[in-house]
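So, here come the structures, one by one.
First chain A sits with chain B, and in the next complex the same chain sits with chain C.
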Partner chain A sequence: MSDATAPAGRGPLATLLASAAKSPLVLLALIWLLFILIVAIFAPWVAPMDYQEIDLLARLAPPSWSARGFHLLGTDHLGRDLASRLVMAVQLSMLVAIFGTVIGAIIGVTIGFVAARFRGWVDDLVMVFVDFQASMPFVIIALAVLAVTGTGNMLLFILLIGFQGWEKYARITRGMTLSAVNHGYALSVRLLGGGTLRVYLRHILPNIFAGLIVQMSINFPETVILETSMSFLGVGIQPPNASLGNLLSYGRDYLLNAWWIAVAPGVVIFLTTLSMSIVGDWLRDELDPVTRRSA
Partner chain B sequence: MNTGYLIQKVLRALVTLALVVTFIFIVLRVTGDPVSAMLPDDTDPAIIEQMREDWGLNQPLWKQYVDYWAGIARGDLGTSFLDGRPATAKILERIPKTLQLTITSFAFMLLVGAPAGIIAALSRNRWPDRTIMTISVSGFSLPNFFLGILLILVFSVWLRLLPSASSGDLKSMIMPVFTLGTAGAGVIARFVRSSLLEVLGKQYVRAAIARGMPLHQVVLRVALPNAAIPTITIVGFMIGTLIAGSIVTETIFSWPGVGRLLITSVTARDLAVVQAGVMMIAATMIVANLLVDLAYFVIDPRIRFGSSGERQ
Partner chain C sequence: MPLSVSGLGVTIEQEGGHLPILQDIDLDVAAGRIVGLVGESGSGKSVFCLASMGLLPERWRTDGTVAINGKTVTGRARRTIEEARGREAAMIFQDAGASLNPIATIGGQLVDTIRRLRDVRTGEATEIAMELLEHVGIPEPQRRFREYPFQLSGGQNQRVLIALALAGRPRLLFADEPTTALDVTVQAQILDLIGRLRDETDMGVVFVSHDLGVIANICDEIAVMYAGRIVEYGPTEAILRSAVHPYTQGLIKSMPTKRGGRLHSIGGRVPLPAERPAGCAFAPRCPRRLDKCSEDLPALLRDDAGPTLRACHNPAEPVPAAVAEPVAAREAVPRAGDALMQLTGASCDYRIGAHGSFLSGHTLFRAVDQIDLDLGEGEAVALIGESGSGKSTVAKLALGVEAPSDGTVLFDGEPVPPVGSAAHRAFARSVQLVPQSPFLATDPRMRIGDQIREPLDIHGEGRAGERRDRVRALLDTVGLPDELARRFPHEVSGGQLQRVVIARALALEPRLLICDEPTSALDVSVQGQIIELLKTLRGQRGLSLLFITHDLRIIRSLCDRVAVMHAGQIVEYADTDDVFERPHHAYTRDLLAAVPDLATRAAPAARSAELAS
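Moving on to the complex of A and B:
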C-alpha cells in the first residue's frame, strides 16, 4: 500500500507531509485545523475571561479594550465575554465532532465486520438497515429520538450525533473486508491458527485503515455541520454551555447592532469544514489506491 | 424486459417503509414512557393512569404495535397535545409551503449546478473550471444556517432590499431559495463535471470528434445523455439534503412549513406531530428513491434489459 510507493528511508507519514508541503491550499488548511485543535485543547487558558461569568453592569458591550474589561468581541445580554464563549464553543463543538466521528466509525466498522464475517441472512439484514439509513436524512431520525428523550442531555446528544454516517463506515468496511478475506494473508493467518478476532483486528483492520481514514475525513465536517445546525435550531447543545451553533443562533437576534456576534462563530465553522474538506480531498488522493491509480 | 429489477425495487421500498414505522414505534414506546416524558414530574398519578389508558399504553406491546399499524392505515397518527387537533392535519396544511420552497430550490440547484458543471468540464483546468470548482467547494462547506444569516445581514439589515421573514410574496422567496439551493448546486456542479469528463474520455466520444462532429453536438447529443445517468443518483440523494436543509431554512426565515413545525414540536415534545412529520418525510424519501430507481429503468437500457438483482 502506501509503504510500497514511499521513497526508501521515509515512513508513510513523512511522505504525506512532504506532499502537503507542495500544495499551499492543503498547507493552509492543515495550519487552520492545527490552530483550532490547539484552541480546543487549551480553551480554558486561551479564553481571556471566565466564559460563564455574568457581569450585569456590562451587558451588550461593544468590542473594547478598556480598563473595565478586555472584550475582544464585546459581551452578550448577561455581560458574559463573547470571545471567551467563542473559545469554549470551539472546544465543545470540536469535542462533539471528534467523539461523534470516532463513535460512528467504531459502530460502523463493527457492523461491517459482522456482516462480512457471517454473510447470509445477517449480511442481508445489515444491508437492509444500511439502505434504510442511507435513504433517510439523519437529522430527521435524530429529531424523532430527541422529541422523546428531551433536549437537555448532552451525553445522549453526543452519542446520537455519533450514529451519523455509521452506514457509510459499515458499507465500506464490509466491502473492503470481503475483498481482504479472499487475499492470501487473511487466509494464511487463519490456517496458522489465528482466531477470528485476531484476523479481523490485527490483520484486516490495518489493511482497510487508509479507506477508513478517508471516510472519517469526509464524515468529520458533516458531523460539525450536524451538531452546529442542531444547536442552532435549539435542539442540540443547550445554554449555558456554548456551542458554535447556539452562539450563532444567539447572534441572530443582534444582527442590527452587533453583527460580529453571529459572524464570528459562523466564520470559524466555515473555515473548519472547508479546511477539513480540502484535507479530506487531498488524503483521498494520497491514500486511496484506486483513485491514485486512475489519476 | 427486466421485471425482476422493478419488483425488487418496489419490495425494498415497502420493507423500508415498514422499518420506518417500526423504528418510530420502538423509539416512542420502548425507549421511555411518552406520558411521563410529556407531563411534569409532579402530575397527579390518576391523570397519568388516565392518559396511559387513553393512549392504550397498558396493553401488551404486540397489541400496541398492531393498533399502531391500524391507526396508520386509517391515517390516524394521534392528536397534538398543544391544541388537540389531529397531527396529520397539522402536517398536511404545512406541506404546500414546504413544497413551494423545496421545489423552487431544486430547480435553482439544477439550473445553476448543471450548466456550471458542464462549463467546468469543457474548460478543464483553466480558469473557468478553477473558479467554478472553488465556488462549489465553498458552497457545500458553508453551513446553510450561516449562509442564511449572512444573506439577512447583507440584504435585509445593511442594504434593506429583501424581507428577512416570509411574507408570501415572491421577493421573500429569494433568500430562502438561495440558502437552501447553494450547497446542492455546488454538489451537482462537481458531479456533472466529473461524470462528463469521464464520458468525454470514452472511445465513442473521441470517435465522434474524430469523425468531425462539431463539439457542441458531441456534448449535447453524445456526452450529456451518458453523463446524465450517474447524475440521477446524486439528484435522488439531493432530495434528502433538501428536506434536511428545509428544516434549517424555514426556521431562519420564519417560513411556515413542515420543517419549522417539526422543530417547534420537538422543542415542545409534541410527540404525535413529530411522529406524523417524520413518517411523512420518510414516505416522501422512499417514494423519491423509488422514482429515481424507476428513472434508471426508463433511461438506462442496460438495466431495462440486463441482469436483475445487481446492486448498482
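Moving on to the complex of A and C:
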C-alpha cells in the first residue's frame, strides 16, 4: 500500500537517476562505465593509430607525446601503440563480457524455470548440478573444455564464458519463481486457461526481473575477470587480437623495464570491475523495496 | 490513570516537509476500563499504540504528552518508557505466531521475560511461568512449556503472547488487533480471556480492531479514528445507539449482522497522510458535507445532548445500530432440476513432509473427507467453516486445481478437468475464481486493463479493438471508471482491485463463480460493495455462486443455502434461514454464538452498569 506514496508522474528511471545523483561514488562509477561503453562502441574511431602496426624502431617506448612519436601510453615489445591496443582491448573484452553475461542469464533463467516448473526429480537433478558447479572453480572447467576444443575459436570462447555463473541465475530464478508461483497471480492466469509459457514469460519473468538485473550486475565483473584470466593464461583471446587480459600478460614479461605495458590495462580492469560492483550494490538496494524503505 | 494522552501528534520528517500521521489525540484510559480504537486501515490506530509505547522509528517525531501510570514518557522523559515497557505497559499483536521467537521454547521465552521484569531466579520464574500459562487457559501447561510456537495453534500462541504481556504485571495493555487472524470461536475465547484478566487485575486496556462487532462486545468506551484523528468518542452504548458522526454511522451501517439485510459501504478510501485535505479529512467521502467542512477543521466537542464527543460540523440524526435495517427478504430462487456442480463422496488427500522428492517419504492428510455437495444453475451456496476445515480445498477440487483422491467432482455432468489439461481451457470459460486477496491475485507489474483483457487474449476472443471495448464494458459492469485500466494494481485501493479481479473473472462470461473469502482481505467499509456487486451480478446474469467464507454475517442476504464444514466434512447443509434460525448441528450453533454482533451486547452492558454503581 505504501507503494502508492511513490512520487507520481516520475518514471522508475528518473527516480533511479535522482537517487544516483545523491551518492558521489555511484555517480563516478556510472560515469566511468559510460565512458568505457562509449570507448568500446566507437573503438576504431577513438584509437589514435592502427593497433596492429609494428614499429620496431620504437619498441618499449615510454608514454610520450613529442614529435618523435605520439604514444600516450607508450609502446610494447613490437613497437605497437599501447593506447590504440588498449582501446581495441576494451572493445573486445566488453563484447565478451556483455554477451557472456547475457548468455549466462538466459541459460541460467531457463534452467531455473525448468526446475521450478517440474519440481520433483528434475528439480533435484538441477540442484545437484548447481551445487556441483558452485563447489568447482569455473576456470578449471573452462581450461578442461579449451584443452579439448583448442583455443582460437572466438564464438566458442564467448559461449564458454557465458556459462560462468549460470548456477547463480538458476538458483535465484528457481527461488524467486517458486515464491512468485505461490503469489496467486500465476494460479489466476492458469485458471483463466493460460498456458505455462504465458505464465512464465508474461508474468513471472517481469516480476523477477529486478532480481535478475542485480545478479547480472554482480556477474558482469566476474565475467570480465574470467575473460582476462583466461587471456592472461594464454587460452583466451589470441594475438594479434588485443584483450585486457593478454595485454596484461605481455606486460608481465617487461614489468621491470617497461611498467606501462601492464599498468594501463590493469587499471582499466580494476576500475571497470570496481565500478560495476558499486553499481550492482546500489541497484540491489534501489530495486529491493525492503532496503529502500528503511534507508 | 494507566494511560493519559493529551495533544499527541506524530509526524514523519522528510524532504519537502512534515507528513502528519497522528494529530491532536486526547485519550484517557482508566483502570479496569477497555477503550476500543476503531477505524479503517490507515486511520492511525496502530501508530497510536506504538507511539504510546515509544516504539516508533527514530525519524518519527512525537508531540504532546503521553503519561503511563502518571509518569510522562514522551519528550525529555523518553528514556523512562524503556524501563516502563513490560512492567508498566505491555502490548500484544495481531500475528502471535510471528511475535514469538520461533527457535525458543514457550517456557524459555516466558522464563527469560519473567526473570528480566521481576528480578527473580530461574526456579521461581519457572513457577510463575507455569502459573501464567494456566492463568491464560493453556491446556497441559507442563507439556506446552517445552514446546515451540509452531507446535501450538494460532489461538494458543495468542494466549502465550498474552501470558508474556502479563509477565511484568502491567497496569496497561495495548491489544493491536489481537483476534483478527483467529477463527470466530477462538476469537470469542480470547475476548473472554482479555475481559476476565481486566476484571481480575484491574488493568486498563487499549483494544484496537477494525471490527466494530468485536469492539462493541468487549469495550467500555469507543474512540472512532479517521485519518489520524479521533472523530467520535464516547461510551460504547452511546456510540452504538446514538452516534452522530457520519463516519461512525457509515462504519456501523457497514457492519454485517446475523440478521442479514443490505450491506452499506462508505465510498472512497482513507486519504494517505500526504493527501489529507484541508478541513475535515472525511469531507470528500461525507454524505452530509457542508461548504465549511473542506475549510474548517471541526474540533472534538462534547455533544449537547449526550455523553459523546464528536468532531463534525453537521452531525447526523442518531440511528440506533440494532434497528438500522429491517431483515431483508431474500428473493427465493427455485431449485433447478439438474445440479451444475456436483461433488459426490469427494475426498482430497495431501501429502505431507515431501514435495514429490524421490529422496524422502511422506504421509497423507485428508483435507476433505467424502463430502456431498450440489449446486444448481443460478443458485448461490455458501460454504462456511473455520480455517483448516477444508473449505478452500473444496474450491480447489471444484476448479480442478486438485484432483479428488476419492469420489467424483462433476461440472455439468462432466468430471472437472485438471488445470493445465487441454479440456481445462474450455472448462475455464464456465467456472472462474474470485480469490481472497486481490493484491496476490493480480500481477503487480501489469496494467489493470491488460489483466482484464488477458482472458480474452488467452481464448482469442475478438479483435484488438473489440477486446478494448469489452474491457471498458467489464470495468463499467463492476462500477469502475475507464481510466483505471491504465493504472497498476498498487495504484488503486483494495476494494477497487477486488472489483478488477471480479471483472477479469467475468470476462469469459462464466456460469459459476467460486468466491474464496473475497472480502476478508478488505476493510469492512468496502466489504458491502463487493457483496452487493455479487448480488447484482447474480440477478443480472443468472450467475451461480459458491461462496466460501468464515464470516457468517455476510452471506445471509446473498446465499440460498449454507453448507457448514468442520474437519473436512459437511456437518450441516440446509436453506440459509434454517441454518440461522434452527441450526441442527452443535458445531453450527457454536459458530453462530461466537460471531460478534452489534446486537449481542447484553453481557458487557450489565458489567459496565455494575461498575457505575
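Keep this in mind: the second predicted complex is superposed on the first by the 277 of 295 C-alpha atoms of A that agree within 3 Å, B and C clash if a C-alpha of one lies under 4 Å from a C-alpha of the other, contacts with A are read in each partner's own complex, and residues count from 1 in each chain.
Everything below uses one rule, namely that a contact is a pair of C-beta atoms (placed from the backbone, for glycine too) under 8 Å apart; a residue touches a chain by one contact, two chains touch by 3 or more.
Keep in mind that this is a model prediction, so the values were computed, not measured.
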Superposition on chain A - do chain B and chain C clash or fit: fit
Which superposed partner A:256 touches (first chain B, second chain C, both, neither): first
Partner contacting more residues of chain A (chain B vs chain C): B
Which of chain B and chain C A:136 touches, first, second, both or neither: first
First (chain B), second (chain C), both or neither touched by A:232: first
First (chain B), second (chain C), both or neither touched by A:111: neither
Vertex chain A; arms to chain B and chain C (CA centroids, nearest 10 degrees): 90
Which of chain B and chain C A:189 touches, first, second, both or neither: second
Touching partner for A:266 - first (chain B), second (chain C), both, neither: first
Chain B versus chain C as contact partner of A:144, first or second or both or neither: first
Touched partner set for A:242, first chain B, second chain C, both or neither: neither
Overlay on shared chain A, then closest C-alpha pair between chain B and chain C (Å): 8
Set intersection of chain A contacts, chain C complex versus chain B complex: none
Footprint of chain A on chain B - complex, ascending: 12, 15-16, 19-20, 23-24, 27-28, 31-32, 34, 37, 137-138, 140-146, 149-150, 152-153, 157, 240-241, 243-244, 247-248, 251-252, 262-263, 265-267, 269-271, 274-275, 278, 281-282, 285-286, 289
Residue numbers on chain C that touch chain A, as the complex places them: 41-42, 272, 274, 355-359, 399, 401, 419-420, 424-425, 428-429, 432-433, 435, 437, 440-446, 454-455, 458-459, 490-491, 501, 504, 508
Footprint of chain B on chain A - complex, ascending: 128-129, 131-132, 135-141, 143-151, 221, 225, 228-229, 232-235, 245, 248-249, 251-252, 255-256, 259, 262-263, 266, 269-270, 273-274, 277-278
In the complex, chain A residues that touch chain C: 1, 3-5, 119-121, 123-124, 183-185, 187-196, 198, 202-203, 206-207
